[in-house]
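Following this line, the structures themselves.
Below are two complexes that have subunit A in common, paired first with subunit B and then with subunit C.
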Partner chain A sequence: MDIIACIKRVCDTSEADAIKIDSSQRDIEKSGLAFKINDWDEYALEAALQLKEKLGGTITAVTVGPQEWNDILRRALAMGADTGIRIDHDVASEDPYIVALILKTVIQRLPHDLVLFGAQSEDFGSGQLGAMVAEMLGIPHATLVVSLEAEENKIHISRELEAGTLESYTIELPALLTIHTGINQPRYISLGGIKKAMEKELQVMSPNDLGLSVDMLIPMVKLKRLELPPKGKEAELITGQPEATAGQLAKTLKEAGIF
Partner chain B sequence: MSSIFVMAEHRNQALADISLQTLSKGRQLADQAQTELLAVVIGKDTTTYAEKVAKWADKVIAVKNDRLEEPLAEPYQKILAFLIKERKPKIVLMGHTSLAMDLAPPLSVELECPLATDCTDISLQNGDVIVTRSIHNGKVNAAYSFAPCDTVIITARIGEFPIEEGNRQGQIEEIDFPFEEEFNYKKFEGYVAQEIGGVDITQADVLVSVGRGIKEKENIEMVQKLAEVLGGEVSCSRPVVDYGWLPSDRQVGLSGKTVKPKLYLALAISGSFQHVAGMKSAKMTVAINKDAGAPIFKVADFGIVDDLFKIVPILTRKIAELKDN
Partner chain C sequence: MTLADYKYADTIHRCFRCGYCKFPVNWMDVNNCPAYARFRMETYSCGGRLWLTRAWLSGEIDWSDHLAEILYSCTACKNCEVKCPLRFNVDILNMIIAAKSEMVEAGRIPSSVKKFLENIQRQGNPYGHPRVKRGEWMEGTGIEPYQGHDFLYYVGCVGSYDTRAQEVARALGKVMQKAGVSFGVLGNDENCDGNEVNKLGEETLFEMLAEENVAQFKKLGIQKVVTLSPHSYNAMKNDYPMFNGDFNVMHYIQLLDGLLGDDRLDISGGYNATVTYHDPCFLGRWNNEYEAPRNVLKAIPGIQLIEMERNRDSTLCCGGGGGNFYIDLLGGSERSPARIRVREAHATGAGILAVACPNCLTMFEDAVKAEGLEEELAVRDVSEIVAEACGIK
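== the complex of A and B ==
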């Protein structure tokens, strides 16, 4: 089974307590923030690896981004992907449609039984990309996939609905899925894997190489500006050393009649 | 401005709450733009839904077909594409639901119209549609506009738009949609209910809830002790279930349970909107988190910015002492 996994690089803001908007008002200040592979994409890669282990075939990891994004392709290779392809285009705050168009153009040149995406990104979280690419390629798709079993020509999947319900489908291949967290446990990368990944060549191409001109890549959705959310209500903070704060909180809970 | 479409969703024979939210927002935008609100309901039998959504709409388009029993993205896309091409609404609004995740992106590609998903605000400024999205873990708001176009498709974040009672009586137009296509390439096999465990967290007065910051399964025991001394149960956010540290029936949030305890004690939970949607009705919320910028502090009544591993053992002991006195 030939699988393509589309991945992206995000800055990790999950524990960043003071985010600043940069002077362009269209991006955040990235200095001091760590970068990583998007959480959901790691689950998509692991799903691809498990299918390859069972059914054989190839895994190609594809990303659209500037040169720094090579590191997530190396990570994908270290996990076990066979090939890494980067389309050199700065997609910061770009309309997902444009990224979808670029990815569709790459994917249709490659053999693909199954195309996998993360269900959404940690930074912008639009959750649009995979399902857009499926429509552009004219193949069936399902988003928010939490279980996956493959046969030769079809797959059985379940996808997550609201409030803990799932729905299941049988889908003919080739197909595209967007993978939700929790579907598997992404593997750790071995030292051997990292060494092998460093020896592999990454393929780099430009949108122009793919026959996509600048005027085909004009976004329909335009970022105007970024703002920090209004202050709003804030919790009353209990401050001090742990002994004091925990003691104060215990008292507060008692006074509130919790115990 | 041309009309506004709101697609109303239903599951398990009930109109989804999110649809009342999108209808309320759609009504407000239609009034501001002095245009019509058209509600679209799709199903095998749409009568009850159509009557309900008519309260917000100037017109209801009820699309009926025996093969539309389940809300599936592929036939919905065919129907909406047909209606949008025919009536050219300025805005097509739906909830950012699992159905919309499958449906809205392909629809936007098919119709070549811009799409903004999971929006937390929608406004009209000098005739232009402006949307706001919450990005970077809820720490930044982004405003977007659209290139000139006939129609924009927008999905609205669940729980973000208040429900305002409708007082209209929109006219209901029933359409039988005779599509031929079988969609055999994607066969619906049915629903799978969640596994049922021994504990019903929705019934607990006190929930001690843990997030990713609990770091490993072995550390749950420490939290269990705190829950015990408070007479409560342990619940969690999504990553804790993803990592297999707690079963899925302990999960609070949009994809888990909705809870209303007297006390919700959030330990190392950042407070994503998906999580907050499941616990915002708690009477009292306390957050303990190392990250002072965590959105949970905007929801909590009291907070301690610190490491849970330092606070929880002391807190457990202090509560036990106060109980003894």
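== the complex of A and C ==
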């Protein structure tokens, strides 16, 4: 089975107060931040690896981004992908449509039985990309996939709906899936593995190489401004013996209209 | 990986599971392997792990989450190595670490271990806190960035980020200031020492950390290092020489012992308490330093030092080694080693459980709360006790 996994580079946002908006007000200050593979995409990569281990075939990891995004392709190769392709285009705060168009153009040129995306990105979180690419390719798709089992020409999947309800489908291949977290446990990418992956060559191409001209890549949606959420009120710390603090807490909650 | 390719293929079969590895040197308790004490199953003892490793590498059993958890519940406390009566005992812990390395290379490790290592890859600390916040602990202390001082004060990840351990990092800084020790710190430029990374089997990441730290120390002209944590001390003293890092490394307790010997610390303020001291594995069993902490505590007026039955090379690990202060495969039970240990400390009648390791400190602080002993037993780092005896607020 030939699988394409589309991945994105995002910053490590484990501590929100490390995030600052830059002077353009359309991006974040990147100095001092650490970057990684988007969480959802790591689950998609792991799903691809498990399918390959079971059924054989190839995995191609694809990303659209500037040169520093090579590091996530190296990580994907260290994880077990066979090939890494980067389309050199700066997609910071970009319209998902443009990224979808670029990805669709690359994927069309590659053998693919299954195309996997993470269900959404940790930074912009629009969750649009996978469905857009599937529509552009004219192949069936399912989003928010939480389990999958593949046969030669079809795949059985479940997707998660509200309140954990599951919906199951059997889909003919080729197909596209957007993968939800929790579907598997992505393997650890050792530094030794990354070092070995440094020896592998990455394929880098420009949108122009794909026949996409500048006027085809004009965003339909433009990011106006990024803002940090307003700070909430300070927490009120009630200290003292439980006999007294319990009463004070009840009073505070009552005053706040909680009960 | 097959058994034939395994570094210890020729020796791992020599363990016939006599079971000595679970005992302390003084034989007083069968539960001196922290993981065995927690789970009470042979698989969690060193011998059990060696047999499982052999079965895994020879294809008799498959990798499983459970197998990974069994290996990673080893805290690398070295009790097994000290107690094993056979000649190949010098390698029994290395055999487990080598098996962990196989799991790391295959990417198949418990999710908490994965998180621990990824955080260090990205942010240089296991918590995943930003590198730019590493030096926040020292705000307002007047501690200087290292610039040609006699000592680099290497604080480590726990002392830099854990709020309770930060108090200890500041207390030690103030004690050294008061004694007129010339020292500086690296602040946000300090990186993980890698000791736990090494014991978790991530060899390449450890090599990178060691190489980067050695290069940084040399660039700054550092010759003498004093560490807050015995874990840092162990890596820098015993492993960094393999990366051309031949620094004069000491744990702070050795520095304080020397300062007291030279009469450079006025501890006349004293510390009125009955104290029992817990030997941290990476100071004791790993580096044979048992007397310096006792010398320091005995020198302080007002301290009555009493020993737990398991002390020195018979110490029971707090359960925090081998990354377990974060990956926590031994927690969640009254048989968790830290809880067993604080009960043991409490049974001596001591009011203070003294430690000389930020990992032990955080483990025991939690255990004292879980045991409901807050009113009777307090956990204090020796540096805090010395600070108080010096009249430092």
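Just so we're on the same page, the second predicted complex is superposed on the first by the 226 of 259 C-alpha atoms of A that agree within 3 Å, B and C clash if a C-alpha of one lies under 4 Å from a C-alpha of the other, contacts with A are read in each partner's own complex, and residues count from 1 in each chain.
In this section, contacts are C-beta pairs under 8 Å (C-beta built on N, C-alpha and C of every residue); 3 or more make two chains touch, one makes a residue touch a chain.
Here the structure is a predicted model, which is why all the values come from computation and not from measurement.
Q: I'd like to know which partner A:Lys195 touches here: subunit B for first, subunit C for second, both or neither.
A: Second partner only.
Q: By the touch definition at the top of the document, which applies to A:Thr165: first (subunit B), second (subunit C), both, or neither?
A: first
Q: May I ask you to decide whether A:Gln185 touches subunit B, subunit C, both, or neither, giving the answer as first, second, both or neither?
A: both
Q: Applying the document's definition of touch, where does A:Ala34 land relative to subunit B and subunit C: first, second, both, or neither?
A: Once the two structures are laid over each other on A, A:Ala34 reaches subunit C alone.
Q: Figure out whether A:Val214 sits in contact with subunit B (first) or subunit C (second), or with both, or with neither.
A: After superposing on A, A:Val214 lies clear of both subunit B and subunit C.
Q: May I ask you to name which of subunit B and subunit C touches more residues of subunit A?
A: The partner making contact with more of subunit A's residues is B.
Q: If we overlay the two complexes on their shared chain A, which of subunit B and subunit C does A:Met79 touch? Say first, second, both or neither.
A: A:Met79 contacts subunit C only, not subunit B.
Q: Touch test for A:Ala18: subunit B only (first), subunit C only (second), both, or neither?
A: both
Q: Per the definitions at the top, what is the overlap between the subunit A residues touching subunit B and those touching subunit C?
A: 14-15, 18, 185
Q: Okay, in this complex, where on subunit A does subunit C touch?
A: 12, 14-15, 18, 32-34, 36, 79, 185-193, 195
Q: Note which residues of subunit C are touching subunit A in the complex, please.
A: Within the complex, subunit C touches subunit A at residues 104-109, 111, 113-114, 117-119, 121-123, 128-133, 202-205, 208.
Q: Using the touch definition from the top, list the residues of subunit B that touch subunit A in their complex.
A: 11, 16, 70, 96-98, 101-102, 104-106, 108-110, 113-118, 130, 133-147, 149, 184-194, 206, 229-231, 238-239, 241-244, 248-249, 251, 254-258, 262-263, 270, 284-287, 290-294, 297-306, 310-311, 314-315, 318-319, 321-323
Q: Which subunit A residues qualify as touching subunit B in the complex?
A: Those residues of subunit A that touch subunit B are 11, 13-19, 21, 28, 93, 95-97, 100, 119, 122-132, 134-136, 140-144, 156, 158-172, 175, 178, 181-182, 185, 218-229, 232-239, 242-243, 245-247, 249-254, 256, 258-259.
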